[in-house]
Amino acid sequence: MIKATNVVKQYGNLKALDDFSIEIPAGKVGILGPNGAGKSTFVKIALGLLTPTSGEITVLGETLTKNTTEIRRKIGYMPEHDCIPNEMTGVGFLIEMGMVSGMSVAGATERTHEILGHLRMGEEKYRLIGEYSGGMRQKIKLAQGLIHAPEVIFLDEPTSGLDPNARREMLETINGLTDVSNTKVLLSTHILQDVETVCDSVIIVKDGKLQMQEDVKAIVGEKSNFVRVRIGGGSENFISELKKKKITIEDDGRALIIPYVDNSTYDDIIDASVKSKCSLYEMERTSQSMDSVYQEIVE
Amino acid sequence: MNIKLEQVTKNYGDVQGISNINLEVNKGITGILGPNGAGKSTTMKIILGLSRPSRGRVTVDGRNPFDDWELKKDFGFVPEYDCFYEHMSGLEFVSYFLRMHDCQKEEAEERAIEALSELGLEEAMERKINTYSRGMRQKTKVARATVFNPEVLVMDEPFQGADPTTRILLMKKMTEWAENGKTILISSHILHDIQSLTDNIALINNGKMLAHGNRHEIRNLINVPRPISIVPVKDGNLRKLAKRLLDEKWTKATSIDEDTNELTVETTQTEDVYLEIPKILQKEKITVERIYSEDDSLDSLYAKLVEGHQWK
Amino acid sequence: MKGKAQLSNRFRDFDANLTTRPWIVLGMGLRKFNNLLTLRTWNGIGINLMIAVVYLLTFFRFILFIEPEDYPCVDLNDEYQRCVPLDFYGDLLGNAGGTKLFLIAIAATASGGIIGNDMANKSIHLYLSRPISRLDYLIARFIPVFILLLLVTALPNYMILSSMWSGNGLEASWLLDRKWLIVNIMLQGILYSGAYSIIGLTFSTLIKKEGIASSTFFLFVYGTSLVCETFFTILNAFGIDEADYILLLSINHVVDMLSYLIFDTKYYVIAFFEPWEVDIGSIELFAVFTFIFTGCAGFMYWMIQQMEANK
């Protein structure tokens, strides 16, 4: 989808991107990294808004050299900050954006209503954007990035400031995007959980360099050597039952952490809960979280 | 500290803030959840004594926070919006507030440095705030509150816009402070963060308190069948176990998912079932590697409460 | 009805069918022009009223009261001429009785928010993420103001011209004899419209608040004009010849001088009821004008460039 070779972007003394090479596969890709790691610089370069100091970048099979505006026919962009005019109606603004992308009035209108329908916007689409809630504004921002049926859309913090329901809706929409359309997704976010739920693969950038590129399933699927157990009733009996089998237990106040040896550990736990007459709410071998992977790489 | 709200109502003119809220918060971390404009910030302001309830009573350790200035010294507040003097450095900003509270210059500086370093701002604290990233701004706001070593720390969306490193650090610090006996109230839209911080929540919607307390206990109060999922180790046992569980009268429905090798039982007699399942597994000699319920996540609980499943 | 049951593919088959850049830019410009003339905003109402005033002035001051034989120019004396197309751009209060005040007010109102609003609500980021370059964006924002100003510069002048033509019996030879006049009126219209739109756009880029940008633009153009003219007369009264150059500091006067140059007429400033001759070489004039024009365009381009790099 996007390929960068030895890209350097320099602002004065500051190297926003330092010999950055990457090959981003098609699909839903998450970009993570601390503030100022070079994420947005990379996105701006891929959009053709900035030219790299050196290096080469290929987006959707086209090498970005001088004629960088053409690539934006195939790319949609949803910026992080609020950037939509209050004095236009949702529909009016999207049609304008479609036409600025080069669509005809009829095409833009048709597409606007199609997308807004998909995003579950009702009659409020005819109202002024100034009257919209945060969730609706975010939908308009997403819709303007999709209006010209791009092959890729860059999403910059699409869930920031949204309340839980609006967040879930937004994530579901993004998640389904590759199914209902031909648009691939590049998601830049600070919320690791979002990457876990939405993305197929993840990229971690720090200090202008690529630190990691990995399949999300591979990261999250990797199991640790502990089993997390949550029980009801008196945990003392349960703990002493396990202690009889020389199993050490740690209590973090919310759940019990038991070292995993092999599958017999599970049987031991079941056994202990039967003997101690404790209800067993949860038993699960813990797996590596995105948090721990991120921390390991960034710190 | 013990925070108690009894039938508290707060209106701003004809705009509803919160209505008839009862809430009791003790030491440890409590997450305040709810949609935008539900009344979370109003609740926080009332607890902090920043606004006076239109009706009802609020007490902190039996005292009224609205006019008890001694009590207010024990409060720390991290507001949602930035309220900086942008031209100051982080260090100046934090020590400025100390000096407003009759602290000598050297002492103020020392304490400010300590609070800022605790949050990993040693290197940035001399720089002007207008050069700070979102994460650093959030940390500075937190440091401004914690520098007074408050007993009650109220944080409105402290993770908003913060990068993962900041988020992880703040969560670690909050857990530490809570272990030291502080009372921490935190609102966040990212339920996953609250879930990993605490089991104690208060959910506000439309100015009403929908539920508060331990989230597992709250879930048990909702009388909607709960799905319990079991993942056996060997594939062959999936259907065998499903058949076995169908024999139980508490089973309302079962389903299996061949792809994830997962069996789900739906039941209303939750407590009994949690006791019975281990017995059955033991008797049938089926090893399972995972028992969980989708309903245990805060996401699911939140959705159920906001959609009003508890009243069905 | 017989047919196979079908499920539609939601967005997969959508073909956006995009046009080329020039059409996008032109379309953006024309839609914005249309927006400027809307009667739904106070700005739009103001612009429409001022346009009406310009046409009323054109009708009552020029079309009704100019004799066909005095068109386009009459000799005042050996040295000076009075030309109708030049008078049209004169000050309302001077004996010329022209439309300048409204012209500049329209330019100020129309251009005030044209880039500034996009910058203030940050939607400029969205425009720049479209398949147009930064320059395309600037051109697209220049077009509406430019067309609007042509509506109150070249168009009314042509109306005067056609009224004079009809006064002379609508003869083709009359028009043919004045083919250079027709070209000059257009040139002059483009000069005024172009100059004021680009300066208005610059103020809009610099000041992101629509109302303030408009009033600053208006006060700047009239303010510098008044100050320069005052100094010019004072210095002239003392008999200092170089005083002419002070008028180069006023955009208003530079544009006027160029417009006199187009009509090959001697430029003079009326002060104390007397014409004062201004003698500045055309090369200097062109240099100053090019400097202002490219300076403004360059500044705007730089501002937009800068914004993208920082955010």
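When the chains are written out, they are named A, B and C in that same order, and each has its own residue count from 1.
In this text, a residue touches a chain if its C-beta (ideal position, glycine included) is under 8 Å from a C-beta of that chain, and two chains touch if they have at least 3 such contacts.
Predicted model only: the values in this text are computed from it and were never measured.
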Steps needed, at minimum, to go from chain A to chain C via contacts: 1
Centrality ranking, top chain (CA atoms only): A
Farthest-lying chain, centroid of Cα atoms versus that of chain B: C
Chain centre separation in whole Å, for chain C relative to chain A (CA means): 49
Separation of mean Cα positions, chain B and chain A [Å, integer]: 22
Centre-of-Cα separation between chain C and chain B, whole angstrom: 60
Residue ranges of chain C touching chain A (in the complex, touch as defined): 10-12, 14-21, 23-24, 27-28, 31, 117-118, 121-123, 125-133, 136, 308-309, 311
Chain A to chain B touching residues, read off their complex: 32-36, 133-134, 157, 160-168, 190-193, 232, 254, 263-264, 266-267, 270-271, 273-274, 277-285, 291, 294-295, 298-299
Complex contacts: residues of chain B adjacent to chain A: 33-36, 133-135, 160-165, 167-168, 189-192, 199, 216, 233, 271, 274-275, 277-279, 281-282, 287-293, 296, 299, 302-303, 306
Chain C-touching residues of chain A, taken from the complex the two chains share: 11, 44, 47, 49-50, 69-73, 75-77, 79, 81-86, 96-104, 107, 111, 114-115, 118, 144, 147-149, 180-183
